Amino acid sequence: MSEGKLTGAKVAEHNSKDSCWVIVHGKAYDVTEFLPEHPGGQKIILKYAGKDATEEFEPIHPPDTLDKFLDQSKHLGPVDMSTVEQEEKAFDPEEASRQERIALMPSLEACYNLMDFEAVARQVMKKTAWAYYSSGADDEITMRENHAAFHKIWFRPRILVDVEHIDMSTTMLGTKCSIPFYVTATALGKLGHPEGEVVLTRAAHQHNVVQMIPTLASCSFDEIVDAKQGDQVQWLQLYVNKDREITRKIVQHAEKRGCKGLFITVDAPQLGRREKDMRSKFSDPGSNVQSGGDNIDRSQGAARAISSFIDPALSWKDIPWFKSITNMPIVLKGVQCVEDVLRAVEAGCDGVVLSNHGGRQLETARSGIEVLAEVMPALRERGWEKRIEVFVDGGVRRATDIIKALCLGATGIGIGRPFLYAMSAYGLNGVDRAMQLLKDEMEMNMRLIGATTVAELNPSLIDTRGLLGGHSGVVPSDTLGLGAYDPLEAPRFNEKPKL
Amino acid sequence: MSEGKLTGAKVAEHNSKDSCWVIVHGKAYDVTEFLPEHPGGQKIILKYAGKDATEEFEPIHPPDTLDKFLDQSKHLGPVDMSTVEQEEKAFDPEEASRQERIALMPSLEACYNLMDFEAVARQVMKKTAWAYYSSGADDEITMRENHAAFHKIWFRPRILVDVEHIDMSTTMLGTKCSIPFYVTATALGKLGHPEGEVVLTRAAHQHNVVQMIPTLASCSFDEIVDAKQGDQVQWLQLYVNKDREITRKIVQHAEKRGCKGLFITVDAPQLGRREKDMRSKFSDPGSNVQSGGDNIDRSQGAARAISSFIDPALSWKDIPWFKSITNMPIVLKGVQCVEDVLRAVEAGCDGVVLSNHGGRQLETARSGIEVLAEVMPALRERGWEKRIEVFVDGGVRRATDIIKALCLGATGIGIGRPFLYAMSAYGLNGVDRAMQLLKDEMEMNMRLIGATTVAELNPSLIDTRGLLGGHSGVVPSDTLGLGAYDPLEAPRFNEKPKL
Amino acid sequence: MSEGKLTGAKVAEHNSKDSCWVIVHGKAYDVTEFLPEHPGGQKIILKYAGKDATEEFEPIHPPDTLDKFLDQSKHLGPVDMSTVEQEEKAFDPEEASRQERIALMPSLEACYNLMDFEAVARQVMKKTAWAYYSSGADDEITMRENHAAFHKIWFRPRILVDVEHIDMSTTMLGTKCSIPFYVTATALGKLGHPEGEVVLTRAAHQHNVVQMIPTLASCSFDEIVDAKQGDQVQWLQLYVNKDREITRKIVQHAEKRGCKGLFITVDAPQLGRREKDMRSKFSDPGSNVQSGGDNIDRSQGAARAISSFIDPALSWKDIPWFKSITNMPIVLKGVQCVEDVLRAVEAGCDGVVLSNHGGRQLETARSGIEVLAEVMPALRERGWEKRIEVFVDGGVRRATDIIKALCLGATGIGIGRPFLYAMSAYGLNGVDRAMQLLKDEMEMNMRLIGATTVAELNPSLIDTRGLLGGHSGVVPSDTLGLGAYDPLEAPRFNEKPKL
Amino acid sequence: MSEGKLTGAKVAEHNSKDSCWVIVHGKAYDVTEFLPEHPGGQKIILKYAGKDATEEFEPIHPPDTLDKFLDQSKHLGPVDMSTVEQEEKAFDPEEASRQERIALMPSLEACYNLMDFEAVARQVMKKTAWAYYSSGADDEITMRENHAAFHKIWFRPRILVDVEHIDMSTTMLGTKCSIPFYVTATALGKLGHPEGEVVLTRAAHQHNVVQMIPTLASCSFDEIVDAKQGDQVQWLQLYVNKDREITRKIVQHAEKRGCKGLFITVDAPQLGRREKDMRSKFSDPGSNVQSGGDNIDRSQGAARAISSFIDPALSWKDIPWFKSITNMPIVLKGVQCVEDVLRAVEAGCDGVVLSNHGGRQLETARSGIEVLAEVMPALRERGWEKRIEVFVDGGVRRATDIIKALCLGATGIGIGRPFLYAMSAYGLNGVDRAMQLLKDEMEMNMRLIGATTVAELNPSLIDTRGLLGGHSGVVPSDTLGLGAYDPLEAPRFNEKPKL
């Protein structure tokens, strides 16, 4: 036993509800009394009672979590890790074949667009991590619609414009950016990469784009700010706590640390049901939070649990208070109809993000781009288009998507999952390449549409008639009739002579 | 031979058209004279002549059938079942693999939504039972459109509404319910579960929702009422008999037994052709009612046979008579256009159900939700929206579907098949979980749309433009052109080195 | 050698271009001089030079062909068939497997709708016959659209109508029919059934529907008329010959034999390209009319060849002449826009058939039902709806299709291919059942829509908004994005334990 | 060593960056100093340092390239090819199976339409060549939309028009053509056929259609002009060089050599990203221009490299200059909205080609045919329709496509890829047949639409409502619901009795 350290054996004695110790990052903690308060349920902790829980703990808790939420008296100090029994992991055929796929991964250069990263990530990420990132609400119709909606808008390019010099830079909330997209807030970055959100910070710096720091990051807020370089700009995404004092501290700390925008999430009074995520968790025998025995709402899954602090009572009445506690520009994230944008202007907000939370909250909520097409004419009609900055996110995969939003009148475009996928598959280099691909696409497409600056992008360059009819469907298929139909065939090649 | 009981051998002597006895639930019956009157044809009875017919008889006849329809003189009394020869069942590979699937059924907790129950039920139900429940008219286009139509309506959620407290309760026909859906009437519950409709009664009680009792239940009406608990509310669904006296008795008995609503089915003067059902029956060598030899209309199948009592002459002229025989609110079930809703108001009806009978009657009849979007503005225009309660059923699978109907102005939403599937797969627990899932979805989605009570749901919260274009189609595919197209591919993983 | 008959050996000597004899139905013919005139090309005849050509000749030539087109001096008289060498047929694996399928054919009772006959016929017909019947122009888009167009029209049924007694009868061109469909003209009936069109004549009699006799029948016109029973009514479909004298004789002969309507085909100045048909012929080594060596237009296929007599110069100027040579009502078959319907009224025609020739002529020609929706309002606007009878054909598979056309204002509905498929698969019984199925569907669906007579069917019973947008398409699919998407899954069944 | 010739061994000494010789067509060249200037990057040249590069060089460089771009002092003279070491090609399973497919190719007569050539070419072309020809921008949505857009336009044919004599001829830019299509410019013809563009020249002559000569041809401009026969007409497609003097020389040389039209490409200030092409190149280990090490933009691929001379600063201001240097009619190729067509009229251009460059440049640019429907009414409104000739290209596969464009008002229709595919698969005979098929289709379809001359084609013959709604989409599919649905089945054939 090294001097003063606990032994694995000692910790292992406390392996029950009655006395529950766990090891995290080489230190032991007594969580016995904390068990009933754990937002994710007791069960998942008890699985690690008396053991090293680091691997499970890491991606879903920022490193300052234990300091914040567990009384110092429960911090038992360092453990001599050489004395902790290594658990023999059972052979997991799924994990084995994932490792095999990782060994055979396509080289980064083989990724030519943002979908490519998603395709690779799907194969190389842990199933539960993939499920958390990739899942959407209910039938994931809105999630898929988000990208599909861009395909309803087509270009009306102008020719014979001198497009030798393209300037893609723009200004958002007073910050000059190299290109009008920003890295939007997404939770639990360490599920995809061991270093978490700081990878995105570094990539954002390389490309001079803004990063929005998520409340539910795996890294702590300060870690992410510390990773900032030079005059790099960050914004804060905020889930508002039922305890406004906590919220006040977070906001003022962020402002002090240099954040240049406060994005208050308003589309998540309750975190959505994401069945792909729930199903993936369910099949994980370790964290089976759905199978009863504790008092967690069985139908809502983990997302609900980790977000129980969010205040569903947040309302327009809170806006003046926010304005009173910070000088950061205030942006409402998750606005979904023109009426609320107008109200935000009246409430003195500096911006809105038209967003349905990546299709993770309300199913058949309209895409941000569709809402944008409804919002901008109403603002222009009132002469209000300069009174508020309108951002949009959801489903952006191509520079053409970005350009369409800019043509409609957006100030900036948020991108989330694609960078997570690039990071999960290829780390910083992946995010770097993803951003570079967007820039290359953007430069070329601005040339092809005949615009040399962001300011020149305007509604006459797009055809939005495809949005006017709303969401019509197609008559369900005539199974029998189609089945009887004998489809046409291409010329047949001759048969190979049999030997 | 136990005292006074008939022997199996005795019964077995009467195994022909000339003298036909059958055993049901341990008692023998002489059905010789009844043969030509059997609505399902003689053939199916003759198959069991001289034998025990209980298994076949059970799910499609309420227990009081023999008492009602067979003269007491033909009731021959108990049979000593130990003397009845047990038929060796031929090995049925399909049944064997069904039993295997049942043994491997997913746990109830793995069902996260109403579609999941359907997917499981499809695997574990008897083929003929599945076919009866799941089939629709003709090409089943209307049946599928019923759910798809909800996807043409998208949300326009409001943000920053205090949604801490959600009240989903509402009132239908004077009854306070915990949530605005009810269990609508569906036939032959014992096909899915040995106890039949009373399972639904119990689940409805657990969740404080109304159950509509079907005329064509497997359980008798009184059994279903007897299963009621506390102040649980039930309604009666009525197929009107050609003999109005029978109808009068049924209605007045129901009122006496406490039913709080009379739902007269008006979309089924003749029961629809359901080819999946017919085809499943056809391949059943036992009940081959299609293969000639008797005078049943060969093209119409069993549904037509069991419904021959329904009066196709029912008309608006009958409404005053109904009002004269009962004080229950009168609701027309199966209204399908605005003109008839207006007429129902004028005829003094208390409600209408906009419904196409689950897509089981007229093919390419419009969905209830589509008709609702046509009906409510017309009612409001006349200031009649309080004079009648408008219900809707068909295709409801998600709380978002319910909310969309409520936003349009529906009073209540009927759900049928999903509960049958949940019951068939998992019994009472299944229906319980199905209802709970809907409640959980409903609470969350009301939060996400920004409404705290049912009364706050209104048309400004939805985008219904997708319904305006009617049912447009898509140009049939360009088979050759598409076939020649070489689709884009994601990056390829390297090949595994061969050993 | 039987008395006076030719021997096979004698005939076999004449096996070349220089002297070419063939045997048909036991008689020999010298076709040497006829070779260059054969509309189908020399090659196909030379294949049978000196041999028995009956099997190939039969389905595509009416029995009076040789009498009509070959001078009597070339009729060489009977052959002693016992002396004709029987050709050993090479084993054809495709034919063998077809015979196997025929042996395992589903029973007729397993066909519940018109698509079922098509599905069976596709498996049991000879490939070339199937290809001739089932093929359409170019990409067969119009052919498929014909049925799909009916799915753009949805019902608005009326309830509480006394529908006990349904009367489906109607009157077309003065003839009372049991139901408003007729058997439209289709060519080469013997490809599907050895007896050819007379099978349809018999079925039409059984169901009291009108049959339209095709110009290009396999049976002779008189055979088809002779098969008529009682007061059965037939119409004549006419391809107009370049030699009007021939046309005059045909028309006047038809009138003398009792035909009650003259349907002049106006959509086929040239017979269409049907690539499925061409491809099927091409792969038939016998009748390889495409592979050069003769002077037939190689790109047009057989359809063009057998129709070379049709006059592409036929024009509106010919209508008075037709009126001068017959008292039969004159109906233009193949009208495709409202302008031409109005002109037909002005020209004094008694009817039009809105038709695109079953999708076999002009690709992306609109469906008859779509044109009907354009035509009837224009006629009503002018008060002309009684001046002309409007028929429609193409894509009719269900009684709902018929009812939709009637609601729009059609007088009668033509059905072609479905009866050919029924006949090809099951002979007369098949056609009988097909017609009965339509009657059963029709009776039920009229009940369900709330109409007791054909006269009660009217535009308020249907929703035709789906036709208004024309033929819009769908954005080509986002292959990469869809490929990266991980679809939701139903609950997984547990795995079977390995033994 | 034959007299004065270099030996292979001598050349092989110069196999590095420091001294790099290559052999092309039997002659050696010193490209050491040229390496950094090579538009395609150094790497691809260095792969052949000291070796014979002919095979790689051939298809992508016109034969006069070395004379033009490499100083005569670097031309080292003939090599004795018998002394050059033949590289043993590694066995390439993909190439082997391609050779097998070539051996089994369908006969030319089995191709009945333009899609058939594409289907065959896809199987028999080298993968990289196929990828270059067949690829489009980004997700290839525009590329596929180009053909699909024609399916949104349906016909309104006229009947009873005397269509015996059809005249398909027309006049474009003063040239009488047999049919209103022309061979549009496409790059790198030798990728598909060793003789390159001259094959198209010969076919164009056979069918009396105009050929547009591409700037980026594999053959030299003069070779293509030399291949011209009789009074055959050619046009010049021009990519404008940053160095206008070079452009001036090209234009004036073309005019001197008899070109009758100057088509200035205006939709390609930068060549598009075509990922299928990039991916195919990437997997080619030889020409891995993406994998870093040189300073070529890694994300843009080869297309960008070979087009670096194109001037992105080209603008409307250049038009007067073009008019000053040539008397050829000036046509802008790649116009994409009505505003620019009007401006072209005002600028005195003689024509425009409505085109999105075959879907190879800007993704979700609208199809030429859609733009045409927007342009022609605007021209007619101003009475300008005679002041400019409007051409259209993209997605044309059928004569019906051509007729639709003519009905809308196009003067001529460009066809590119289909002839490349026909040439790649079947050489001159393929292109000949492709053109003949179009002519046959065209003659028939003009008959069927009721027009005898191109002049008679007009907007009343088509229904373009399908274009009005823009590009609407379909709601993403309901995966779970569709998965649970049990589709209808056709009658099952009996099972084969087991032996």
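Which chain is which? They are A, B, C and D, in the order written, and residues in each are numbered from 1.
Basically, a contact is a pair of C-beta atoms (placed from the backbone, for glycine too) under 8 Å apart; a residue touches a chain by one contact, two chains touch by 3 or more.
Note that the structure is predicted; figures quoted are calculated from it, not measured.
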Practice task
Would you mind working out whether chain B and chain C touch using mostly the same residue numbers, over half shared, or mostly different ones?
Solution key: different
Completion exercise
For the C-alpha superposition of chain A onto chain D, the rotation angle in degrees, rounded to the nearest 5, equals 90
Fill in the blank from the handout: The chain whose C-alpha centroid lies farthest from that of chain C is chain A
Problem - Approximate Å spacing (C-alpha centroids) for the pair chain B, chain C - result: 42
Exercise for the section: Report, in whole Å, the distance between the mean C-alpha point of chain A and the mean C-alpha point of chain C. Expected result: 59
Problem - Numbers and ranges of chain C residues touching at least 2 other chains - result: 110, 113, 115-116, 119, 139-141, 144, 148, 151-152, 275, 279, 466, 468-469, 471-475, 478-481, 483-484, 488-492
Completion exercise
As the complex stands, chain C meets chain B at residues 107, 109-110, 112-113, 139-141, 144-145, 148-164, 398, 400, 436-437, 440-441, 444-445, 447-449, 460, 463-469, 471-474, 479-480, 483-484, 490-496
Handout entry: Contact footprint of chain C on chain B as seen in their complex
Key = 100-101, 104-106, 110-111, 115-116, 119-120, 123, 138-139, 141, 266-270, 272-273, 275, 278-279, 282, 290-292, 297-300, 311-316, 318-319, 332, 334-337, 339-340, 361-366, 468-476, 478-481, 487-490
Handout entry: Residue ranges of chain A touching chain C (in the complex, touch as defined)
Key = 113, 115-116, 118-119, 122, 130, 134, 139-140, 144, 147-148, 151-152, 275-276, 279, 283, 397, 466, 474-475, 478, 480-481, 483-486, 488-489, 491-492
